[in-house]
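Presented below are the structures under discussion, each in the form of structure tokens.
First chain A sits with chain B, and in the next complex the same chain sits with chain C.
Our next item is the complex of A and B:
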């Protein structure tokens, strides 16, 4: 009412219902329009351009009138065994990272919200959130040094404990786990904060009632707390899925896609193709990744929303 | 009255100012040489303005990957800079992507003072019968070793591959930096990207006097020829058998390799002519000796490698084409070349005063060693980068899963690469 009260009331009657609705709230639309315009110009337009260029030949991709080659770039990348390997390792890494990050964040949030953690609560919250606001490159450079085979802290600690040394990012058998840990450190604080926020909205009466009925702590968590955390779980899983499917910075800083292409995720492979002036293939890879993110995100969101959490 | 009095004067002043503004030109150069390059072009601007006071030279440096994208996009959308400056093989890519890099043959023919350029220099500048760059800076790369480390382990500068292996062993076992820790490696190397590991192979291959790393001009794979095979296997064994390089080297590109060199973790390394000025003043502070690359066999010849040619190119749609061509030709004059050597550490002529240069800088500026140039395969085989990328991928796999029989592995790899080269040729 406050919005409509200050505007002229002469409403065109010949318009269809949706247009009359928009007319009625036109001031509201005027306020949101600039942001939407920015999204179109800086978000949707580049996406549309890259989709178009994925059908262009590399040699002419940046000309005013590129030569279009149909699906040739997509045929090329899907017949490239390294792209298939890249696709597989991206999906595998994403699956592992999403599960670990969300599970770890949930566990940490439960611990932080415990009524018994009275001292140092702020410190522990800060400790888990600080990596989120640390610049990506700086954080990953430190991890790279920690994994260094020559003077890294990880192997120094393992060696002093008499444990076998860790191959870290120099060994194709261990590099994925090394990156999973580094990225867990980097991102888990964000997911933890979302869980903590959701936990502050839980109804304590439900937990108390279950306790009075004789439910164990595990049963109360599983049947009372967890279903109430559904919004946070959904948003965290979706965020994490998007985050890890697009993994790029950690690879650029720490592994350059190696050793032996074992961390050659799609984003990085597309970037390398771009650097080699294979613009059409690079755009086809980027478009494939974009499609993958869209489909998987929607599918996961749909599945999580339909799940019976009780 | 007052207005009437001043109006003609103001009009005249306006006409004079617009006329001189129309005459004055600013030439913009896009390069990737960083601060050294910006300083060089600033000095060139001062020198050029002595004879051409109405022309100003402005340079902009981009990281190499951004340079590619910006140049290609600008040329293809008719917003090109006046001049572009980079390595010849990068300009070839620009030409392939735009078809708008000017043929400089006529401009080159009109230069009288050019006897200092060899046929090889001119050959590199030519692509598909067009002279796409004027060659300005020859890129030389030698083999370097930490002087104090050699003294600490009682070794002279390594001349042969056997020397390199022996010195590497000592650098790793005898604590040459005296810090009480086993934290040093024999050799700095890079292997992350296709150009990294192959670049290292190029240096050891050309440094021992061979002429091709992967393909000869007829498109035949050479890696299984006896001398080439030995170089390839020995360099690969640095990673797998000898372990004279840092284990992390498989993830190292140029930046990481420089950290290993400048951080004092490896005793032998590549020295480019552009590295010397910095390494004389800081990082290594002059504690390095430069020489030719080691030879692998008795009959081989040690050489310093000419690894490329940087040059200036003019887009067909440059805003001030005539002025750009005139400035491009100026870059080959003595004074411009002296400025190039002073700022970037490289030039194509050396017939000027070089007093005050350190011995390390004179090593490249007044070469008294064998020089062996790259075969520049990109200029004759458009599919070369693709074949090279496959070669690199297979080598990375061999580092990760070392074969029991290296010789058989190289034969098999050569057959696969030949099939790929033939397929691309057809």
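Our next item is the complex of A and C:
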């Protein structure tokens, strides 16, 4: 082979095939080295650190050899009623947000891809996607003030329309819906664009055929478009699930877990434990959330792929 | 006449929703020019009474760091982490797709996948401990290096290199090119569009980062604009106008970049995400 001629003469010959391949493509190891280093140092090491520390005593967390306490941290957090409440509200919030975001995105994508909206489409897409790339801190701070009872835009608008005022983030009965709306504003553009990207791949012939057969617009959506969008729905549901299970920034900016712990989501609670130097408990919560993300993502993916959900 | 009803309905829906999506930006921008008293009397006023620029003067120093410093930090940290991310991820993804079965390559790939599955916010906490051990706490390099690893970047590159015709590489090797020659003369010239997209997307995503910046920093001297905005948010005594001014300054650069490059950014983020 001509290729081997270009390999330097130092090539060892008596090695097994895999070792010869390693030698021949050794420069690829050089290429991958910085990437692998980043993965190890800022990925695997911290993950291992957090798993290890969830079994260690907080006071010794910064030592290279911390004291191990077995399952004590997990026992502490699972006997903490505030953590159980945090788990529940996280799951509740996630369920509502996933359904609303994916449903809104699907509806809006159908609207934006309809034949009635030819002009201005670029602007509509830009408007819905702009919040996705906007720094989340800035977006949520603006929402926080818009919900303000005294001079927020939300209540001013409701008041001028003669509608009842909204408690916003100050009232523990309305705070979850306030966060759902602000986060929908922030994230729904992402899911909408994923649906729109997938809709470009649909086969227009199917839709035309159904129309010729006399199918109504609703029937065409339900029996023609929707089944073709199934992979996109699965992707969006899984993305949304991961996104909302780890809801964090909106709480830090707008509510600090309140009022009265009604928005004390797991990632925020874990962060608070970290700030109070309860590293062991913080890491036990982090590991629990990671486990939850993995199990729920896999279960949902499996369910959406296999069952006929319609 | 009835044929026009669906058009009217569709446009009415799309226009009103678009206004709702854009309105917070408008309220923020106008709010940065209005005093608290003015907003209290007319929260929804569309134009400021007078263009009161005092808020932009008040935020020249935030929590001990100057606005200039924060802005320079933002641009420096975002640009440096974007550059490192593009080079390191491109080389890594190239090697991993060129010979996926090489010893150890699968391990690196799975390690990366595990990392991006781990909830980002909770990864940052142990990163604090890692930075402590590495002596990088409070340093720019710590922040920049941590921000150089991201899922969308990797998946966009991987997608591109996977679809790259193998025959071209083999032909170049036959002609006696080295692996380095193949990368620089055969692959990279064609990879310009994907490099551009990844650069744009990484810049936009890293500009927004605040949590790693806050956790790795020791003083506000290494804060970026979003990190400073957050610390201003938690301060007692609320300076509404100042917060809106800083939020505007934090948002304007990404809005400009996005509006100029929107199609590419949206396609890039969608493509990189679908792959993952």
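Keep this in mind: the second predicted complex is superposed on the first by the 267 of 310 C-alpha atoms of A that agree within 3 Å, B and C clash if a C-alpha of one lies under 4 Å from a C-alpha of the other, contacts with A are read in each partner's own complex, and residues count from 1 in each chain.
Note that in this section a contact is a pair of C-beta atoms (placed from the backbone, for glycine too) under 8 Å apart; a residue touches a chain by one contact, two chains touch by 3 or more.
Remember, it's a predicted structure, so these values are computed and weren't measured experimentally.
Chemist: Output check: A:59 vs chain B and chain C. Expected answer is one of first, second, both, neither. What do you get?
Modeler: First partner only, chain B.
Chemist: Kindly classify A:239 by the partners it touches after superposition: chain B alone (first), chain C alone (second), both, or neither?
Modeler: After superposing on A, A:239 lies in contact with chain C but is clear of chain B.
Chemist: For A:82, is the partner it touches chain B (first), chain C (second), both, or none of the two (neither)?
Modeler: Only chain B is touched by A:82; chain C is not.
Chemist: Would you mind checking which one, chain B or chain C, touches more residues on chain A?
Modeler: C
Chemist: Given the touch rule stated above, what does A:35 touch, chain B (first), chain C (second), both, or neither?
Modeler: second
Chemist: Now for A:131: first (chain B), second (chain C), both, or neither, which partner does it touch?
Modeler: In the superposition, A:131 touches chain C alone.
Chemist: Could you say whether A:151 touches chain B, chain C, both of them, or neither, answering first, second, both or neither?
Modeler: both
Chemist: Under the stated touch criterion, which partner chain does A:169 make contact with: chain B (first), chain C (second), both, or neither?
Modeler: Touch status of A:169: first partner only.
Chemist: Should A:259 be classified as contacting the first partner (chain B), the second (chain C), both, or neither?
Modeler: After superposition on chain A, A:259 lies in contact with chain B alone.
Chemist: Once the two structures are superposed, pull the chain A residues common to the chain B and chain C interfaces.
Modeler: Common interface on chain A, chain B vs chain C: 62, 64, 150-151, 274.
Chemist: Where on chain A is chain C touching in the complex?
Modeler: 2-3, 5-6, 18, 21-22, 25, 27-29, 31-32, 34-36, 38-47, 49-50, 53, 61-62, 64, 108, 111-112, 114, 116-117, 120, 122-139, 141-146, 150-153, 155-157, 160, 185, 189-190, 193-194, 197, 235, 239, 242, 245-246, 248-249, 252-253, 267, 270-271, 274, 279, 282-283, 286, 289-290, 293-294
Chemist: In the complex formed with chain A, which residues of chain C make contact?
Modeler: Touching chain A: residues 6-7, 9-11, 13-15, 17-25, 27-28, 31, 36, 39-40, 43-44, 87-89, 91-96, 98-99, 102-105, 108, 111-112, 114-123, 125-130, 132-134, 145-146, 148-149, 173-174, 176, 178-180, 183, 204-205, 207-208, 210-211, 225-227, 229-230, 233, 240, 243-244, 247, 250-251, 254-255, 258-259, 262, 265-267, 269-271, 273-274 of chain C.
Chemist: Enumerate the contact residues on chain A facing chain B in the complex.
Modeler: 58-59, 62-64, 82, 148-151, 169-172, 254-261, 272, 274-277
Chemist: Mind listing the chain B positions that touch chain A in their complex?
Modeler: Counting only chain B, the residues touching chain A are 65, 68-69, 72-73, 76-77, 93, 96-98, 183, 185, 191-194, 246-248, 250-253, 265, 385, 389, 393, 396-397, 399-401.
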